[in-house]
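Listed after this line are the structures, all set down as structure tokens.
Two complexes follow with subunit A in common, the first pairing it with subunit B and the second with subunit C.
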Partner chain A sequence: MSLRTLKFALLGLTVIVAGAVGPFLPSKWMTTLLYAQLFAVYAMGWDILSGMTGQISFGHIFFVAVSGYTAGLLNLYLQWPIWATVPTGVVMAVLAGLLFSVPALRLRGPYFSLVTLILPLAAARLVIILADWTGGELGKFGVTPLCQDSLLNALNGVLLRLGISIDGFRLYQYCNYYFFWMLMAMVGGGLVWLSTSRIGKILEAIRENEEAVEAAGINVAKYKIFAFVVSAFIVGLGGALSVHTNEAVFFNSLLSLTTSIEMIVASVIGGMGTIVGALWGGFLVRGGEQVIKELAQLKLPIGAAGLALSFLERWATLIFFALLLVLLFFARQGLLPLLAGLFRRGRRIRGG
Partner chain B sequence: MEQAFIIIERIVIYSVLISALYALVALGFTMIFGVGRVLNLAHGAFLMVGAYTAWFAQQYLHWDLYSAFALAVVVCTLLGVLLYHGLVRHVQRSPIVTLIATLACALIIEELIKIFFTTNTQLLAPFVSGSVEIHKTTVITNRIIAFGASWLAIILFWLFVHRTRWGKVILATAQDQDGAALVGVDVKRVYTLTWALSGALAGIAGFFFASWVKLDPFMWRDPLIISFAIVVVGGLGSLKGSIVAAYLIGLLEVLMTYSPSMRICAADFRCFEFLGSSWVGVSSLLVLIAILFLKPEGLFGRAE
Partner chain C sequence: MALLHVENLRKSFGGLMAVKDLSFHVEPGEILGLIGPNGAGKSTVFNLIMGTITPDQGRILFKGRDITHWPTYKIVDAGVARVFQIARYFPRKTVYENVEISAIPNEIFVRSADPRAKTVESCVRTGLCTNEHCPGDDRCLCRSELPGMLPQGGLRRLELARAIGTDPELLLLDEPFAGLSHAEVDEISHLIASLRDEGQTIVLVDHNMRGVMRLVDRIVVLCFGEKIAEGTPEEVARNPQVQEAYLAGGGF
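Let's turn to the complex of A and B:
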């Protein structure tokens, strides 16, 4: 089995599982997985640039912010419909990526990462300065929902004809969930294809030895800019759509430095540069956070009063960053390469 | 005319005062980079630990300020050594992993402070309260003390590096690690010493930074950005460049505070302020980005 087939198989499996569990999810978990899918899109978008070319971006949330705030504010103040806001937001994110990538090519390694760290911090200040429009740290409600009443009514009609009746809130949730499910599947498919194509091989070669790629007569700058644009496009698409799902522009979901670093965590957990690994990592991070929250409500029957686990909730973020450190130490390759290694070894043993 | 002179005087005095503190903030960061080629993204968090230690000793242990200050310096020194031996030493070979790891450390420290001390803003009592009048400008006395202490620390540091045996060993290691190792320098010990020194400097800077501004779990970001800006403008790893850069950035920030701001309003009475005090942080970030793009080796630095 080639690497490409293997990755598509794993991606397909993950997408099928995520789609199949949908109807059985309680409302809370459906929300969690909805955001996990969105976050997986971010993580894959990060991975195609940073994981593949080795230029680590600390500030990918910047592209989410550019696209999300563009889409949200155009909708809030100029009443643009979704089919106009989302493409405009994405175009702005791509332009930002393009504008940034050309000078960023001069920066190597840590210097590149430094600048990417600074971008979202500068953007955050601007959002606060423009608080009258952006709502500052509190955010602004009233963005058109992704699943509008007309769409929901149409869906309901189709379902009723099939003999299924669902209450309004659940239908709304399903609509959002499967929307992001489709987005995740398409982004995953596209990026797995790209990462295993000739372009992907060149990107990986740039990570391993940029000079050698240059010496082979390949225009490194062109490929880096391309990776940048694809990455900004995907992350921007997720950002613009998330604004319509949240029906608000939220500072914390569009510009949080923590989310930016969590993209790195997700990709490192799953295996940098593997795309599918980043997707899994995204689920593990968001799912893990929810698991910790659930655990925090439990009481273990230890001692007279029982051991309350409520402290866990406040420790959730910390646990993830500590986990990142542990992974950096002991399993820098991540989950997917680990599994692929086992798989290969197993085959070798069986095949003699 | 009189008024204009007073404003210029005020800008000069304020920027001279704050720039000294900025130079101190960046000093430990510059040294770690200069000697070990490590960008320590936890540097701002070191300052925060120093500030919170002093505050905690004062507030809960009821120590006097001098002991609290000493404790902050000791804790930060130990933290520097701990971070080097527990983490950086093992990942140092890959600059990217070092960046991610030290940033994760900073965020872990932020989370710990959120957990134990909440996100509320705290104030650190100053060494000396009150204010003095310099010509026609009112200056908070504690800021003059911070200025003096910063320069004292910088001069002592310079003397240590250039006049003592261990300082020369550090310089030699910075110039050529392998060469130093060949003539019998224990490079690991030199690194430990630089991390300890960097921690101590961060502790001092953190104490004064906190008494200048305030304490909250996010306070590590500004000093880190200031350190970046300074070492990037001054050239990574150059002490003189750092001090000049600190003065440039301090001046820029103070100028921003006093620059005439423009309030721009839309037809629906939503407004924002163009320039002025809310742009203080933005300006240094934008200058930093511009310099990184136009002159990646820094204004005074050597090319890497």
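Let's turn to the complex of A and C:
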């Protein structure tokens, strides 16, 4: 089995599981996983640039912001419909990526990373300065929902004809959930294909030895710009759509540096440059904390009154990050390479 | 017409004149030796040809085209490839995948020929992958081995394979025998001769004149960045200026 087949199989499996559990998810979990899917798209978008070429970007949330605010504000103030706001947002993100790649190409290693950090910081100031329009840190509500009434009614009609009856709010949740499920599947498929193609091989080679790639007659700058554009496109697409799911432009979801860092964490945990690993990492990062919070609701049958685990609630984030560190300690390369390694050892399959 | 023309090339680093008004040419099908004591500016000449550094003055013509200010990848695509003295490879890619990168064309959107055949050819031609399954089959060692596992001679072969994979008309070899055992020197020099017999034009840099005498057709001798002699190996060896330069620089 080639690496490409293996990755497609793992991706397919993940997508099927995410799709199959949908109807059984309690409402809270459905929301968590909806955002996990969105975040997985960000993480995969980060991975195709930074994971593959080794140019670590701390500022990918910038592309989310450019696209998200463009789409959201166009919708809020000019009443542009979704089919116009989302493409415009994505185009702006791609332009930002192009613009950004030019100076970025001159920088290496930590210098590159530090510059990427400046962009979202500057954008955050701008959003706050223009708070009258952007809503500043509070955000602004009233963006057209992704799942509009007309769409929901049509869906309801189809489902009723199939003999399935779902109440309104649940249907609304389903609609959003499966929309991002499809987005995740398509982005995952496209990026797995790209990362295992010749282009992916070159991006990987750039990470390992840029000079040797140049000596092989490859224009390194061209490939880096290409990776930038693809990455900005994917992350921007997620950002623009998220605005319509949230029905608001939220500062915390469009410009949080934590999210930017978490994209790196997701990719590293799953295996940098593996795409599917970044997707898993995305689920782990977004879902893991929620799992600990769920555990906090339980009572262990210890002692007469039972041992309440509610203390976990406050510590959930901290515990979760500690667990991630432990995980990184044992699987430095990330989950997917660990799994692929075991798989290869088991089957004695060599090469890629 | 000469394949490569170097005209009045000059490069100084601070106060040090590394290459001083150097002119030479390379005929198609020959092996030209660029010889000189350590610090004579041989590697600098290669860096100038490959566009790694730009000359202060002078120009470099390849097949009649001025490539002086071209970026490295473009020079490689035009048909010049270099084998580094210290191998520059992709440590986490297998030997086969290392060679494959050279066979992939510099095109993102154009669907081009499968790099597989080219990769296999480069591996076989340089003797990098030799057992019966190689390198088409997953059982071939090249498909699982990482470059870090190769001996010095193997690394040199890998460098050669990566260079040949770019389909060069001119191959620049930077000290191809440095750090090799006697047996490996014989093997690599055999390999270079066989490449020449297939019509490959080569420029070979070495500080050890005796080692390359039998291999090269013509020699250009550099000393402190200047050309002090040019001719057949016999002519050059008889040249008193060359003998002096080498004795002063530690003998040859």
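Here is the rule we use: the second predicted complex is superposed on the first by the 312 of 352 C-alpha atoms of A that agree within 3 Å, B and C clash if a C-alpha of one lies under 4 Å from a C-alpha of the other, contacts with A are read in each partner's own complex, and residues count from 1 in each chain.
Convention: a contact is a pair of C-beta atoms (placed from the backbone, for glycine too) under 8 Å apart; a residue touches a chain by one contact, two chains touch by 3 or more.
This structure is a prediction, so every number in the text was calculated from the model and none was measured.
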Partner chain(s) touched by A:V115 [first = subunit B, second = subunit C, both, neither]: first
First (subunit B), second (subunit C), both or neither touched by A:A205: second
First, second, both or neither for A:L160, with subunit B first and subunit C second: neither
Residues of subunit A that lie at the interface with subunit B and also at the interface with subunit C: none
Subunit A to subunit C touching residues, read off their complex: 198-199, 201-202, 204-205, 208-209, 211-220, 222-223, 226, 349-352
List of subunit B residues in touch with subunit A within their complex: 39, 41, 87, 90-91, 95-97, 99-101, 103-105, 107-108, 111-112, 114-115, 221, 225, 228, 232, 270-273, 278-279, 281-282, 285-286, 288-289, 292-293, 296
Touch list for subunit A against partner subunit B, complex: 54, 56, 58, 103-104, 106-107, 109-111, 113-115, 117-119, 121-122, 125-126, 128-133, 258, 261, 264, 268, 314-315, 317-318, 321-322, 324-325, 328-329, 332
In the complex, subunit C residues that touch subunit A: 50, 71-74, 76-77, 81-82, 84, 88-94, 96-97, 100-102, 104-106, 108, 115, 138-139, 143-144, 162-163, 165-166
